[in-house]
Every structure is written in structure tokens, then in C-alpha cells.
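The first chain written gets the first letter, and so on, giving A, B, C, D, E and F; residue counts start at 1 in each chain.
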Amino acid sequence: MGATDFSHLDKTGRARMVDVGAKPLQQRRAVAEGWLRCAPETINQLRARALPKGDVLAVAQIAGIQAAKRTAELIPLCHPLALDVVEVGFALESDRIGIRAVAAITARTGIEMEALTAVSVAALTLYDMCKAVDKGMVIEGIRLVEKTKV
Amino acid sequence: MGATDFSHLDKTGRARMVDVGAKPLQQRRAVAEGWLRCAPETINQLRARALPKGDVLAVAQIAGIQAAKRTAELIPLCHPLALDVVEVGFALESDRIGIRAVAAITARTGIEMEALTAVSVAALTLYDMCKAVDKGMVIEGIRLVEKTKV
Amino acid sequence: MGATDFSHLDKTGRARMVDVGAKPLQQRRAVAEGWLRCAPETINQLRARALPKGDVLAVAQIAGIQAAKRTAELIPLCHPLALDVVEVGFALESDRIGIRAVAAITARTGIEMEALTAVSVAALTLYDMCKAVDKGMVIEGIRLVEKTKV
Amino acid sequence: MGATDFSHLDKTGRARMVDVGAKPLQQRRAVAEGWLRCAPETINQLRARALPKGDVLAVAQIAGIQAAKRTAELIPLCHPLALDVVEVGFALESDRIGIRAVAAITARTGIEMEALTAVSVAALTLYDMCKAVDKGMVIEGIRLVEKTKV
Amino acid sequence: MGATDFSHLDKTGRARMVDVGAKPLQQRRAVAEGWLRCAPETINQLRARALPKGDVLAVAQIAGIQAAKRTAELIPLCHPLALDVVEVGFALESDRIGIRAVAAITARTGIEMEALTAVSVAALTLYDMCKAVDKGMVIEGIRLVEKTKV
Amino acid sequence: MGATDFSHLDKTGRARMVDVGAKPLQQRRAVAEGWLRCAPETINQLRARALPKGDVLAVAQIAGIQAAKRTAELIPLCHPLALDVVEVGFALESDRIGIRAVAAITARTGIEMEALTAVSVAALTLYDMCKAVDKGMVIEGIRLVEKTKV
């Protein structure tokens, strides 16, 4: 391509993936959480496994785990990572469902996006499973709780 | 399989996809929104296109559109749908970024999950693009704003 | 490309997708089934929900539903289809687990491959969930049970 | 979200998917073609099925068909479409391989991108299959040959 | 989230991915096999490359290889793995087609599910390619043949 | 499966993935480029950000990066790789758009296919974004520019 100048475009604010090639392999762990605010009656039906789409927490848990594995497909500048483990758990309160995800890996870059993606997609799945009976739900408070590397 | 009884398991709360085969084709439209709360300095850098990963809103918009098209892969009991259109827009305020998605389709089932998924993945992408400079961001207020069918 | 002859290669046995453009839209339904043969002790642990990877049937059911939606990605000459519904159920016997899937659609082509894919991936998931305690499992008897169109 | 103004961002050149909801369902067909220029010796080895990775044309054909089905995942503003058929064929010349793809659908929007994607991914696959023996290949001349709707 | 107790839910039988972070990297290899039982006439047509969908074994082989690479997307608690190699081969007998897959990797966890997935999806693809001429096929005998690590 | 002979089929030219298990981990880098030839007026509208689908280069860049990460899904015999970085840049000339992609990794096998896939899908996306105003575009000159390992 001879003298064609590609480099000047790199300075105009276009997207850049971080090059992690020079970073060391480290054991990394991230914890994220979030909430689905819903009607108290929805919590009651969920506890009673009486919702029309079935076992809400089991489905949301699988959805969160599966989404964590596909984070790099969803978030354009994330690196593909081979996760060591993802865990997704729930806490039922009177008018909201807590979602917590833990992701761990030995890699050159962090995995907070994997944990946050697991929480987000688990929350969306809870929403989908409950929306026939509850029209006013809100997903809120999705944030990183902890991030460590060794 | 003769007298094997599969049906009794269907009553134990396992997941059930809704059968939409008998529903009419209708024009459906859903609007969802959500927010990424962040530091005012992050908004400043975003406006100045000074963030290390580049043009944050352009990347988040594409990520949201792409995710909407893959909603049925992410959310286990969602139906695969051939969307007519998805739009993702943003609003910058002093300490948060608003995300709004509109999805429309001619189908047998609604598309609120597609709009909510677009908002969620756009929010996660904003988070990813800004996390090098802002460690305290929170995704919040993801909800359905409007849902119509004709 | 002028006189370049592409057509002669079509006669050498290469793969051909069936053109369904001229077929009518019909309501189609397919039922498939299969079995995972395992040790009686595995069935006991599964009933007691004592397996190390957790709620085996819930995970396998979701996996089967999700796989049915992705059949056209897995099987090269399958058409992409927007399923109306997929159901996956199980039957526990003394030394095997039955898997049954029902898929339905309004489309120009049949969906037996979607039902068979749901059964196969549910069986693989059961295998994965039980393999820590049972090294001799065999997946068998995967076949189409029923196929109708209206 | 009250008075928040999302609309002003829509005017700044951000990406917009075309809304096809008001367009009629029509039978649409597109033909695309392209070429992999390579050494004459590579063509000889391909004809003799002597290349180290095996039956080059069979693999490239499947790759092209599979990619056409995933066009909307690859190209951000493409609509998801349920193709009626995709065909991929090849023509061997002395120093290049011709690739032709035909895609057809009954839909609200055209499918030239599906045909072009099939050609592109088939060409990339040919490149991958031949690169151990030919370091100077070039993919060229990928274009739309024909586009019709009825 | 203060005193919210997520941990008690982990004891109720929900799904758990195994944490492989502390396991050593080892060279691992798995061999799986399975069968598609079909009419003798189907085998004859397959040998003659006279089936309507084309070169059955070539398509099934690619489908099996591609599926092995996507095992972690299909089976919820599988770890994403970067395979070193997957091979899929076939054996034609008078009334059935044998399918054998070998998968190898340097990783912290085994790859029997990748080999079994390759066999299963290759079998489904054979079924799809032959179903126009043979309505009574059965997939059977899918099992792990060998598993080694060094 | 006893004396069943699978091995003879391996000699008939079927597809073979290269086993990279014995290769050393090396830092690898590949640069690819290609062109979209278009009307001068299209370049003018692109510079003016006046095209109907919006910010063409931003969308094409993301599409190229995302496609590079999915190369092993698109090209059947490619190995799944966890890229360290992918960059995609553009150069506007009077009647064509240059596309350049750089991919880097620490792995057992090269990544020229990832760089070539990024260029190809970025070119297809440019085509899609411009096709409403330009019917005669051609994708050309996609080739490997540089390949190194350390």
C-alpha cells in the first residue's frame, strides 16, 4: 500500500482495544452485583415457584453463567478470555432480587466485565421470567464489588 | 418410548417457553431506558473524546444494536425474532449517561426484552470504555418506558 | 465474470441447501426423544439433587431449549427458523434418563432437526453434569417420534 | 426520564439501522462473486486434492453457507433474515479460484449482504486452506452481480 | 449490599461450574464415538454420492469440528477451551455410519465434552443430510472411548 | 467399536485441522489490508458524515474487531485463539477506502486469518453502510502484508 497513511486515523478518537500482550499472567477475580426491583407479590410467587415461565432462579443463573462466557462477543473492546469459573447467586428480599456474580481467571487482563455481564444478563432473564405478572420492574445498582489479582 | 411418562415433570416448576403459534402477527414496538452513573470528570472526558478506548458512544451504540439482535441467545426463554429496527441513543448529563433503545417488529410476540437488552449491553460497553478512568460507576434504572402493538 | 462456468461444479456432489422459497407457510410440529443410559446410583443421586454440579435437569432443559434456537448454526444445511416454541422434558427410569423435545413453528420447512438438536444437547449436558460420578454413560436412541404439519 | 433529550444525538452522524417495518414482503434474490488469486501450482494441488488441510472446496462452500446465515451478527446494521436458500459454487481457472454465491429470501429487505458475506468467508476459508503452500494469495473482485425482487 | 446473604442459595442444588484455577496445565486428549443407524439403501446412496443434499460426510465432518469449538456455548457448565486440534472421521458399515472424534488440548480441564459434542453434531448433520430418503434413522452409542492426560 | 476401521477415511482428502499441541507459545503478529473501491462522491459523503446509515468508519471498525475475535467460528479449520489485541484503521483516497488490521497474540499458531477476517468484515460493513448511495462498489486487494513471530 506504499505511502498510504493509516496512522493519522488512530488519533481521531476511534475505538482502541488495549494490547495486553506485555502484561503478566495473573490470577484475577472479580465480584459484581445488581438488583431487580419488583412487586412483593412477585417475590411471593417466585418463592412458591408459581410463575408461568417456571423456575426463575435456575434459568437466570444459567443465563448469567453463559453470558459471562460470551462477554467478548457482546462488548466490542473486551478480550476473549477462557474463564476458570463463574458463579451466579441470588438473594430474595421483600421487594427485590439480589444477583451476585464471581468470575475468576488466570490471564493478562481483568474480568470485571465478565462478572458485570453475568449480573446484567441474569437480571434481564429474571425480568423476562417475571414480566407476565409484574409490569413495573427496574434493574438497578449493577456495580463492581471487588476486584483482586495475585 | 411406550408408557414412559414425560408429562409429570412439566408440573414441577421447570422452565417453559410460551407457545406463540396461535398469536396474530402484529406490529410491536418497545422503548427501554437506563443510566450509567459516573463521575462528572468522566462526562467531561467523554465529551472531549479523550477517553483511552476512543469514541465511547459510537461503540456502545453498535454494541446495543448487535445485542438486541442476539437477545434470544442470551435470554433462555425468549423467542428468536427478526427485528425490523433497533435504535440506540444517548443523553449526557452532568454525572450520568442516559441510554434509550427503541425496537420494532412485526411478530407474534413482544420485543421489550430486545429493547432492554440493547440498553443493558450499551450500558456495559460504556462501563468498559470508561473503567480505566472511573472506578465507581453504577448501572441503574433499566426499565421499560413504553410498549405498543397495532 | 463472463463465460466462467460455475454450474458444472454443482453436479459433483457438493452440499446443497434446499430452496424453500416456493413452499407454503404451514404450522409444523416435531417430537424427538433420546436416552442417557447411566448407573442406577447416578439416578439416585440425581433424584436427591446430590450431584456435584447441581440441578442436573434444570440445566439440561435450558441447554436443550437454547440449542434448538441455534440449530441452523450447528447443522450447515439447516434453514434459520424463528421457532414458536420448544419444550424439553425428562423421564427418570432406574438406569436411564429419557429426554423428549417438542418444537413447533409456522414456516416453509420442517423442524425435526430443531427437536433432535434439543434432545442431543440436553443429553450432552446431562452427561456433563453426571460425568464426575459416572464414567460409563452412553447416549442412545435419539430419533424422531412424530412430525406433523397443518 | 422526563425532559431528557435523547433526540439531538441522533443528528450527529451516529449509526442508524433502516426501519423495514413498512416495506412489503417480497421475494428477493442476490448474486455475488469474488476471486482468490493464487499460484498456478496451488490450483494444481487443489485439483489433485493434495493440499495439507484436505478438500478445500467442500470446506469453503460450507463456510460460505454458514456465514451467510450469520450476516446480521457480523455486519452491525444488517437485519436478521431467515434465508430461503444460499448456494455457493466455485470455478477453477489457471491462477485463481472464482466464488459465486446466490441468496434468496421472502422478506422486507434485500439480501445482497448475505451473498457478499458468503463469498467473502468462502474466500477467507480457501485462503486458510491453501496458505501453507502459497504465501502470495490475494482476495479480489468481490462485488454484487445481480439483485432482483418480485 | 451489606448483610445480604447470598451464600445460603449455593446450598440448594443450583448449578455450579467447577473452578479449574488451581489445576495444572496438562496435555489432554479425548476420543468419542457414536453411530447413525440407517437403511442399507442410504449407505449405498451415500457411497454413490447420490443423496439430494450432496457430500454427506464432508459436511458432517466440518459440522463436528465447528461444534467442538463451540462446546462451551452449548453446554452451560463447560469451560471455554482453546483446542489444539479436533479430528472427525467416519466408518461406513452395511446399515450404520460410525463417527469418531479426537480432541486434544493443553489446559486445566478435560475435553471429553468437546469430543462428544463433535460426534453428536456430526451425527445430527448426517441425519439432516439423509432424512429426505430415510425416515427411520436412530443416533445411538455415543460414548467416551478414551481419555488421557500427560 | 472393535475392529472398525476409521483411519482409511483420513486418506481421502477430507478436512484436517493442524495439531498445534507441540508448537511453542510465541508472540505472533499479523498485518492485513484491503480496499473498497467506490465512487468519488461516496468518499465525499463519507468525509462529510452525510451517509444515510451514519458514521461509516466507526461502525466498520467495530465490526472488524468483533469479527477478528470470531474467526474460528467463521473459518472451519482455524483454531480458537485469545487475541491480545486487534486494531483496525482506515485510509481515505479519492475513489477507494483502505482498510488495515493488525492482530497480535501469544499462541501456538499464527493469526493471519484473524487480521484478514477483520479486514474482510470491515470492508463488508463499509459496503453495507454505503450501498444506498453507491451501486458499483468492489472489495479488492485483501492480502497479508506482514507476519512476524518472536
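Everything below uses one rule, namely that a residue touches a chain if its C-beta (ideal position, glycine included) is under 8 Å from a C-beta of that chain, and two chains touch if they have at least 3 such contacts.
Not measured: the values here are computed from a predicted model.
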Self-contact between copies chain B and chain F, residue sets same or different by half: same
Chain separated most widely from chain C, comparing mean CA positions: F
Between chain F and chain A, distance of the C-alpha-averaged centres to the nearest whole Å: 28
Interchain centroid distance [CA atoms averaged], chain C/chain E, Å: 13
Chain F residues counted as touching two or more neighbouring chains: 14-18, 55, 58-59, 62-63, 66, 70, 76-77, 81-82
Chains that touch, pairwise: A-B, A-C, A-E, A-F, B-C, B-D, B-F, C-D, C-E, D-E, D-F, E-F
For the chain F and chain A complex, residues of the former touching the latter: 27, 33, 57-58, 61-62, 65-66, 69-70, 81-87, 89-91, 93, 98, 100, 104-106, 145
Chain C - residues contacting chain A, complex: 55, 58-59, 62-63, 66
Chain F residues touching chain D - in the complex, by the definition given at the top: 13-18, 34, 49, 52-55, 58-59, 62-63, 66-67, 70, 74-78, 112-113, 116-117, 120-121, 123-125, 127-129, 131, 135-144
Touching residues (chain side chain C, partner chain D) in the complex: 1, 4-7, 9-10, 14-21, 72-73, 76-77, 79-82, 107-108
